[in-house]
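Dropping the structures in below, format is structure tokens.
You will see subunit A twice below: alongside subunit B first, and alongside subunit C after that.
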Partner chain A sequence: MVDKTGLILGIIVAGIIAAFAAVNVSYTLDLIFFLAFYAIAALSLNLEYGYAGLSNFGKVGFIAVGAYTAGVLSAAYGVPFPLCLIAAAIAAAAVGAFIAIPTVKLREDYLGMSTIIIGEMIRILLRNTPTNSVWGGVFGLRGIKPPFDFITNTFERTIAYVGLSVVLFFFTYILLERWGNSPLGRVLKSIRDDELASKSIGKFTYRYKLLALTLGSALAGLAGALYAFYFLYLNPDTFLPLVTFLIWVMVIIGGMANNAGVVLGTAIVILINRLTQIAKDYIHLPLEPNYFQAMLVGLLIILFLMFRPQGLVPEKPVRTPAWRVLEERAPKEIDYLKEGEGGEENE
Partner chain B sequence: MSEDYILKVEHVRKTFGGIVALDDVVMGVRRGTMTALIGPNGSGKTTLFNVIAGVYKPDRGKVYFDGHDITGMPPEKIYHLGLVRTFQIPRMFKGMTVYENVLTAARNNPGESYAKSLIRSIWKRAELGIANKAVDTMKLLKILHIAKNLSSAISGGQMKLVELARGLMSDPKMLLLDEPAAGVNPTLAHEIFKFLRHLRDERGMSMLIIEHRLDILFDYVDYVYVMHRGRIVAEGTPEEVSENPVVVEIYLGEA
Partner chain C sequence: MHLSSRAKLLIGLAIVVVLAAYVYQALGPSVWSKVTPQIPQIFIDTLLLGNLYFLIAVGITMTFTVAKFANFAHGDVATVGAYAAYLLYNFAVLSGAPNGFAVQVGLVGVVSGIILTLAYLKTKNSTLMVLGPALLVMGAVVLFACYTGANLWEATIEAMLASAVVSLLSHVLVYKPLSNRGASLVQLMVASIGVALFIRYALYEMTWYSRQYFKQEITYQNFGVQLSNFQAWIINGTLVIANTTASFASEYIPAIKIGAGGIAFTKLNALDVMFKFPQPVLSFTDLYIWSTLTVLAVIIGMTLLFKKTKIGKAWRAVANNPVLAAACGIDVDSVVNLAWLVAGALAGIGGLFWAIQTQIYPELGWMILLNAFAVAVLGGLGSFWGTFAASYILAFAEQFGVSVLAAINPQYTGYRFMIPFSVFLLVLYLKPEGLAGIKTRKA
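Our next item is the complex of A and B:
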């Protein structure tokens, strides 16, 4: 599932993270949390875009729905942490389904336009909630109860929380791998590649797309809830379209419809961000370093779309037991080539 | 409506803006026959296919398949009744291999649901059955050796065969074939038609075939409809049609 390029890059990424860990453990824990958070979001986009071909440019909006659902439930109603995570996923799924019903019938470009607007609408709605309510409006949402508060040592508590985030990342990864390497994975790819042809072989494409966006949003909501309980504070203006674009870059450079590639892409984008943040203390540029970072990511997209559109780790065939049947039977059954009449099929 | 017709098209009309693409089309396909639909470019053949297959809704008229009214029914539902179509320009799932293209076309794979796909033991048996059927079908169509190729990286003729293989995976009662031998060398074209005849004789499959290469087509089909400017202008056996002065005039007139 990972080829040589992917393996080498994966080792480099792991090496950099290990180097960080040797220097500063707290910083590395923060880095690992962000890797897990973004990887869940990027994998959810991979389900929607990489497999089903749905260009969701409103990913950040569904993350925000999850984050605020968890935040409000915890801050205002004292709902226990695990229930908040589940509620966040359900709420984001509901919003996802509600939005998917009218939009997944649209052509790819129009779906992209609608979803980017929906993502922004969610942020603006949250921004305009009353500042004296639990939502907090532009002042943000405060008072989220810290998870694992039975652990008194804050450092240990952070380790536990980051550990949980990594566990949820693995859960998401396994889920995506199961879906991707099953007959379902083939159906989703068939819709992505040619929806009319997919309908013509009897696939109820509307239902599949609806569920892809709903389940993708549920995972984004889960990521949002993890974010809320990590910072214990939410501000609507952290959920800018830029977050969506970063997630897209992760999927594009990692490799669409390849989960391992997407995780690699996530790690690369985040490490570029972190390393440039560190570098800006040492290198003096004639321009604002934050813009330089955005330029770097922009350049990365252009270079990838031009020279390696398949991403670092290209898509692989859907792995199911069917391949074993082909491996066993094909060598025995291809006798028509030897008869000398079927050989010139190529025109 | 007579029982021995598997497909019946009754007074279908379809317009696009001011253009009348189909005008009061009445035709049918007898069970277990290869029926051809011919006519010059732009005469409405593919539009009629799209109306039958559920891509377009007709403005007027009815389409019946195997006793069901399928007028305006979406393509995915029509497929499950046993009517499968192929396209004039093959539509591959280009990010997938030939093998996956064929596997995807199977009917009732339990592993295609979001919930059941998570548990391999539920769908493994069905998947193995489908895999064997896919290998059989590819062998029959002589595309087994390209099974691992990406479906975007094969020749046009091979794409036609992959589409046909996809169509056969569901054991359809009837095939709608839009130019199955277009862009294919004459040897392979004859092989394709021999194969289709084999399907009719051995499996009792019915077919409606659009084809421009009449020299090849007329050797195989049982009945022919001729379209011109959105209307059926002639019908009959290949012999009758090729001697029909109206048909000769249409073809020479357009040429």
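Our next item is the complex of A and C:
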């Protein structure tokens, strides 16, 4: 039996976004930008956690590296926008590789603890940069050159930029979907499920984990650069660890190792966020909604891990040529295999 | 090129030494002449900071040995203890009368404690066995404090019990069911982050309530404990330690002289001390003494527990191999509960000391946690003595580094947090097994 939860929720989410668009276009544009930004970040985390089983708790640090690289290059040196995007991805990838080299050899705990420390370290470093330099310290980085400045109308420019973000999101999605179904994705999944077995068939698991973390960081850096050019202002205190955990909730709700599920999870988390912000003006609760939201994030993490660890949209079997042939010739056996996998997961 | 881990360590250490020599050379005598007189003070500050790190990090190590995952909620468990103590210490008695709200809280604690204890007598559940009495004592302490006035002892008991209960509940309600469902290590870590977020923002919510309805600000406040300030001088070969805070109350201040002739208690003229004495060599507060005594008590207690008692033996067996321990008839559940309880209690007392030393705010535990992780990793995750040594090494690195940074330019002290993190990164590159890895040999 095919699980339709994801499809139904996806339709609901699309409906809500369409309803927003009917009411207020510029608000919807902002919403769509945030969807694209968080979806890229969540997809990159999905590559690391969902596919390779690596626990990166410092995602926001890599986003910050990307954002500040792009911001400084643009504000201080006037580097054109596309080059800034590439530089941001490269810088974040370099930081990712720097952390991955010593830690991915060790147990998952070490990676988790190191990455969370690195994330905070990057924020504290950025906070303490001199306030009179281009970095701006606690006052934030200003003076990023707006992209598409040949478009004079601000509204049209925003549309163009949000459109570009969505295109980049689709590009990331297709890229990750291809990687996931390629031999690379299969090796990563095998490392996640049983690293020893993967080693025993001659895979250099260390190199693959390094690759996963580096590529994931590069994508996070790309997301950060998009963020920088959307707001044209950066402040170290927007890169709090809470952002990382928001991204983790997206992946856990959506379903690990399933890109479509992760995008759905992103949309759900962001819509919950936005809808509670709107509801705040109309309903008076004896609670501070911002803190309550964060409590909800914590609760959602625990409840999902406990009662639906596979997420809303469970992982799909890898589409290899052999699997496709099997699907054509022996659909019954395939159904049996799928049920067997599901049964294992529910145990 | 493939290097053995020993060669890598040696090369790395050589590079570190060369870099240190270069830094020493580059900074020049103008910086070092400012740092050298501070060295005794750096050492005594290291003692305090190391004590505080140890009290938090040892809990991470303890839960790591029995549950096998890094608990990200540990810092926030400490914050809960600090807040429990803070609220009890400052608000149990309001303008001479017992605080009505605190009395209600105490009554609820006593009643629920009695109910849970009775439930334990019926069911013999190992969780209720500790939870019931803990709640009972907590409630009783709150009631006692409301009617007799709160002191620091009651606050300490409250901090330890509150953190222990939260720690135990997080294990019983979240981590145990999860690991029974076969959750992976990463999932457990993520779940502990969920617990951390929940606790931290529940505390934020509490501070918001306090601001909104009680008109009382309870974030970024000093704890309110009056600490005595001790200062020490070396005069003519004798060490003189005086309690300078006493000069506010009387003309003469109590002092101890320690020298070749023995130890003598004297009284010094306060005006002399203020105007004639040189710059003190050392300056420390009560907290230095309390935290050192606490750490000593913890070390002696844990050593006795692990070496002499059956519980300690069972604990070690569970940490080593839970399945085999269960097969030998050890009640694994109780032992694991005990580990979470003890870890929580130590976190509570650590959080209380941190709050007294700095300020109290909901992010307190989170800020400590990252440093405590650095300590735990440097100590080799799961080694008691490794954690002990690592606490003081990192504390020394931080205090020394801060002095050097301040001597170069006082603005640079903002980079303080970078020092333990840099040491941590260095350890990851050179010796990822940590200090415990030095002793154990690979098979």
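Here, the second predicted complex is superposed on the first by the 321 of 347 C-alpha atoms of A that agree within 3 Å, B and C clash if a C-alpha of one lies under 4 Å from a C-alpha of the other, contacts with A are read in each partner's own complex, and residues count from 1 in each chain.
Just so it is clear, a contact is a pair of C-beta atoms (placed from the backbone, for glycine too) under 8 Å apart; a residue touches a chain by one contact, two chains touch by 3 or more.
Computed from a prediction, not measured in an experiment: that's the story for all the values here.
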First, second, both or neither for A:G298, with subunit B first and subunit C second: second
Which of subunit B and subunit C A:E315 touches, first, second, both or neither: first
Partner chain in contact with A:V325 - subunit B first, subunit C second, else both or neither: first
Contacts of A:D109 with subunit B and subunit C, given as first, second, both or neither: second
Contacts of A:V187 with subunit B and subunit C, given as first, second, both or neither: first
First, second, both or neither for A:V166, with subunit B first and subunit C second: neither
Which superposed partner A:I151 touches (first subunit B, second subunit C, both, neither): neither
Contacts of A:T205 with subunit B and subunit C, given as first, second, both or neither: first
Footprint overlap on subunit A, comparing subunit B with subunit C: 347
Complex contacts: residues of subunit A adjacent to subunit B: 175, 178-179, 182-187, 189-190, 192-194, 196-205, 211, 215, 257, 315, 317-318, 320-326, 329-330, 333-334, 336-337, 342, 344-347
In the complex with subunit A, residue positions of subunit C that touch it: 64, 69-70, 72, 174, 177-178, 181-187, 189-191, 193-202, 204-205, 208, 366, 370, 373-374, 376-377, 381, 414-415, 417-418, 421, 424-425, 428-429, 432
Subunit A partner contacts - residues on subunit B that touch it in the complex: 53, 55, 74-76, 79-80, 84-85, 87, 91-97, 99-101, 103-105, 107, 109-114, 117-118, 120, 123-124, 127-128, 130-132, 134-135, 139, 142-145, 147-148, 155-158, 161, 166-167, 169-170, 183-185, 187-188
Residue ranges of subunit A in contact with subunit C within the complex: 49, 53, 55, 57, 101-103, 105-110, 112-114, 116-118, 120-121, 124-125, 127-128, 241-242, 245, 248, 252, 287-288, 291-292, 294-295, 297-302, 305-306, 309, 347
